[in-house]
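First the structure, in the form of structure tokens, and then the observations on it.
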Amino acid sequence: MTDNTGPVRVGLIGSGWIGRFHGESLARRIPETDLVAVADPAPGAAERVAGELGAGYGYTDAADLITDPEIEAVVIASPARFHTDLVVAAAQAGKAIFVEKPMALTIADADRAIGAAASAGLPLQVGFNRRFATGFAAARRIIDDGGIGTPQLLRSLTRDPGGFDPAAVRPGTIFLETLIHDFDTLRWLNPGASVVDVYAVADALVHPQWRDRGLLDTAVVTIRFDNGAIATAEANFSAAYGYDVRGEVFGSAGMVTAGDVRAGDMRHYHAGGVSSPTTRLNIDLFRDAYTQQLADFAANVRGERRPVPTGEDAREALAIALAAIESVRSGARVAIRKVTA
Amino acid sequence: MTDNTGPVRVGLIGSGWIGRFHGESLARRIPETDLVAVADPAPGAAERVAGELGAGYGYTDAADLITDPEIEAVVIASPARFHTDLVVAAAQAGKAIFVEKPMALTIADADRAIGAAASAGLPLQVGFNRRFATGFAAARRIIDDGGIGTPQLLRSLTRDPGGFDPAAVRPGTIFLETLIHDFDTLRWLNPGASVVDVYAVADALVHPQWRDRGLLDTAVVTIRFDNGAIATAEANFSAAYGYDVRGEVFGSAGMVTAGDVRAGDMRHYHAGGVSSPTTRLNIDLFRDAYTQQLADFAANVRGERRPVPTGEDAREALAIALAAIESVRSGARVAIRKVTA
Amino acid sequence: MTDNTGPVRVGLIGSGWIGRFHGESLARRIPETDLVAVADPAPGAAERVAGELGAGYGYTDAADLITDPEIEAVVIASPARFHTDLVVAAAQAGKAIFVEKPMALTIADADRAIGAAASAGLPLQVGFNRRFATGFAAARRIIDDGGIGTPQLLRSLTRDPGGFDPAAVRPGTIFLETLIHDFDTLRWLNPGASVVDVYAVADALVHPQWRDRGLLDTAVVTIRFDNGAIATAEANFSAAYGYDVRGEVFGSAGMVTAGDVRAGDMRHYHAGGVSSPTTRLNIDLFRDAYTQQLADFAANVRGERRPVPTGEDAREALAIALAAIESVRSGARVAIRKVTA
Amino acid sequence: MTDNTGPVRVGLIGSGWIGRFHGESLARRIPETDLVAVADPAPGAAERVAGELGAGYGYTDAADLITDPEIEAVVIASPARFHTDLVVAAAQAGKAIFVEKPMALTIADADRAIGAAASAGLPLQVGFNRRFATGFAAARRIIDDGGIGTPQLLRSLTRDPGGFDPAAVRPGTIFLETLIHDFDTLRWLNPGASVVDVYAVADALVHPQWRDRGLLDTAVVTIRFDNGAIATAEANFSAAYGYDVRGEVFGSAGMVTAGDVRAGDMRHYHAGGVSSPTTRLNIDLFRDAYTQQLADFAANVRGERRPVPTGEDAREALAIALAAIESVRSGARVAIRKVTA
């Protein structure tokens, strides 16, 4: 990182669905970044994506990208189970780090990732993109301005329209990879409060045949905060009507809501009633938010701000997810202070 | 009207679609009125409706109802061409008068109706029910409170879903019976201003085959007021999606809108998008407004308030309608002061 | 009940806030009922309300009303703790019964009420008015028509703007008198399913000083059904922005929502943004629903339909409320089959 | 234009408000374009903007930019009165042309611009950006799919929140520079129909003191099409609540609407009601549309599609604007076929 001017030179690790989208943002939508290289273990994938996006290099081994001296920052969009090791390796190589959620799958790994970045004095930002969505960010500003008083009841939900591939889902996926967004959102919309305990119920309602393998597709989590606020997080993997992400915070002086599955402002009035089209893809619903968070990361790399959301934010959201998994297993409320593994 | 306590004893003239609804309101929905008698020239109609609604008498001749000493007020819901004569007869018989729009079809008749009620010192109220609709009334209050500053641009529209019976439509119907609502609404939402001139275009777009008979089903009217405000009134007789009545007033400090064709607050999210049901009948859209205006009339009869909208309001709206008809004929702007016949 | 024609002759027990409103409905808004008498133990209250509403009799002792031979049906709107005894007494006196929620505060009392009405062969209807609200009823029709597939996630919430009088609140009030509406709504919007277990958290967030007295003002309840559906019920006693009651049912093929705190269709656009007024009173939000349920009751009394919601519905909702109270106490999930006291 | 691969090399003429925004789009937001040079007669302006946006050259004389051999396309965002000459010069220099509205201020100039581009065989696209707005484009697709039947009533409005600088406003500005958007929108949303005649009223309501100088700030235009449809276009220069652009098309089988002044999906519920923030700038309201139209232009330059909206579209919209100006002057309806100067 000898040169601190000009676009940030970024390497992308992982060229799947969201990795590819991040690559396009880095190469085309964000003037403050250049996409220098892409890494992906699938034969030919990295070279192909690098070529399409005008990046100079395609690596099959992420380690090669991480040690590439032309690269000053990495965006990690690999499968979740590799996230922590990649964060640590990138930190040791002196790269600024943006990592998709979840940063880690255990508290020990979360601590390892945080420690590596801290030791190296490098920016570490986590992909909780909803913080960058216009409506959610406006809601947070209202809260900060006192517009709802003290939060008392919160809700965050994620309903994915796409169904899911059972091969890609593991026990815990709905908590560790989906609801982890909602857990971060709920913490962020209740500023300063800490989670006390968690109760979760979950089931395989979309595909009951996979229940035996633990592939839960529907979940509701109740979270108590130390300021008394009670939050609900909710997820489902098969929303027929679109990609539905909403938040709601009710407080002593009012309420804010954010999120709307309707796509755009066209309304069609016809013999059957009034209709709106809906958004079907997360990269449509959060197009601007996904892009803005990487632009924000680039600014962080240039030292203009501290990176947010942080590794600590990822650790806190993970603790809630792990408590929820334990609660589903035990059927009981789980105190968050006990979550350490 | 010797007895000024207890419910107002009302006679209903006309038992068609809207007359029947008014009868139900008088008999059942408004504690402050009793429905004493019904008149309708169709054989058996008055007796049947009177029986169903618990009214004591059914007359085939409205004159008998008007001179019935038990009756202290009449609600006139006959075909429009009889309105003026019925108003005059009722006034001469000493009855308080509620008359459906249009009160008259010529300025001379309007003056005759106003004069008869004034001479007799009797309440005369006209059925511009939108003034009693919750949303429109709230809009007017915002205007009165200065919430939009000085009105500059206004819009009022009526789109009827039901299609229409060409036998019941005459040249002028869309202006004299439909848009007359919008003309009153526009005047009422621009308090204190007077109409300067009118330009109208109209056509037979729903049923082109009736154009030759002058049965216009689609119209747009531009109205200039002496405070500079410019208003648009719009009507169509065949809205596929429901009964659509909306108002909009834009002013120097803001805007108010009123009216929503959506029926209730249920929303259905499905694979095709998000849908709302719509309202199909004026007596559903304006159920409360139709009822409230008669409750208000009953209060007027008991002397608690002056009747509004007045015969003068009806005359002013009629003048706009007549100017619009002349404008369609001539293709030119018509100054409102010239409208006298 | 010798005469089965003409309006149903109703006696009203309790002339407080909601009793008074029911009295007005019976006397003025519902042609199918006559308000014959009012009972209230407060000195002079029954006579005053009876006088104002045109009812013939005012009793201080409800027993006198119940045995009044002119009365064929009672509407019970007394404080909740008297409901069961009044139901039983009315049943023994041969009166058809409409009772406000909660019908009973214990399962034993619920069984006693149900048994008394069943033994006497009398209609027994419970005041879960939301079933009669336009939006909620439309949502249920969509569900019945298969428009959302199988319910998987449900939500029902009640937020009361009025604050509350601690003298009128007892431990359990938020579950037994407020959330009991939501429990019924959730059961009704998940037709055919039974509740498996309940987890509840609650706190005194509006008035922390009353926490020691057990006066909980904020609660979230998670309910599992035997068809796998997971429901959340939520309540708070001090909503700054209005009377907010909403429902949401997400299923395998879509979603329905109902409820909107906005009052009417006026929108005000001004320098600060776009604003809507909100509804502040339950009798404004549910005006039509409150009235419609009594009109429906009158039809039930005349034998046209079986009364719904039934005493059994009230018992089921009560079981959820009692389980929620136990869950708050124990901090654990409570199986619904264990709720028997 | 020897090289037909790689990003289109664009020169920007005019670096004011909208020119600057277009420059950012060309340099940063659209991968398919490179911003090569900027021209602006203001001393230092072109060089400064070129520097900020990474363009290689800043010219004070647009003629130098137009003849720059490195440039293959120009984006003309100068003051309106220079548009036509710049189009002609660019066409003669062999550059593809994107020109902001209005392309010309007289029919003769419009013909001159169209002719120059046609003679040179060069793409000519006009900046009617609303065609690229999500909601408006969705509305057009519904119309194309038959979702509203035959258009019968149309509306398009523009209300600018910013007030205006009288030094920048000339008689005709509201028609030639603002409503020209609405005229194009109305034509585009009534596919295949031609305008028959125009009636317009306009006034100086925001700043009455400038009425004598002809600086009209409020206008309503009624347009008849040869398929019978009747359209209204409406504009005002001082909307207190935001940048409000809406369209509505009512047809024989339904209606579509587009446009919403509300900014994002956050809603704030508070003691005063429910509030939404609003959009205040055209470059916020149409951010994506402004960008998309230039991306579309780049594709046109690469020969992938014919440029739309065309010079002929600009000529048709201009004819409506000129007819409206004549109608305001004369107070009479103006047939569109007579508009030739």
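For reference, chains read A, B, C and D in written order, and residue numbers begin at 1 within each chain.
Everything that follows uses one rule, which is that contacts are C-beta pairs under 8 Å (C-beta built on N, C-alpha and C of every residue); 3 or more make two chains touch, one makes a residue touch a chain.
Just so it is clear, the structure is predicted and the values come from calculations on it, not from any experiment.
Colleague: Counting residue numbers used by both copies over all numbers at the interface, does the chain B-chain C contact come out same (over half shared) or different (under half)?
Modeller: Counting which numbers both chains contribute, over half are shared, so the two copies meet through the same residues.
Colleague: Of all the other chains, whose mean CA position lies farthest from chain B?
Modeller: A
Colleague: Please tell me the distance, in whole Å, between the geometric centres of chain B and chain D computed from their C-alpha atoms.
Modeller: Whole-Å distance between the two chain centres: 42.
Colleague: Could you grab the centroid distance between chain A and chain B? Build each centroid from C-alpha atoms only and quote it in angstrom.
Modeller: Comparing mean C-alpha positions, chain B is 57 Å from chain A.
Colleague: For chain A, which residues are shared contacts with two or more other chains?
Modeller: Correct list: 240-241, 244, 253-255, 269-271, 277.
Colleague: Give every residue of chain C touching chain A within the complex, in rising order.
Modeller: Those residues of chain C that touch chain A are 149-150, 152-153, 159, 199, 201, 203, 205-206, 208, 218-220, 222, 224, 228-230, 232, 234, 236, 238-241, 244, 250, 252-255, 331-333.
Colleague: Touching residues of chain A toward chain D in the complex: what are they?
Modeller: These residues of chain A touch chain D: 27-29, 31, 134-136, 138-139, 142, 147-148, 253-260, 263-271, 277.
Colleague: Touching residues of chain D toward chain C in the complex: what are they?
Modeller: 240-242, 244, 261-262, 269-278
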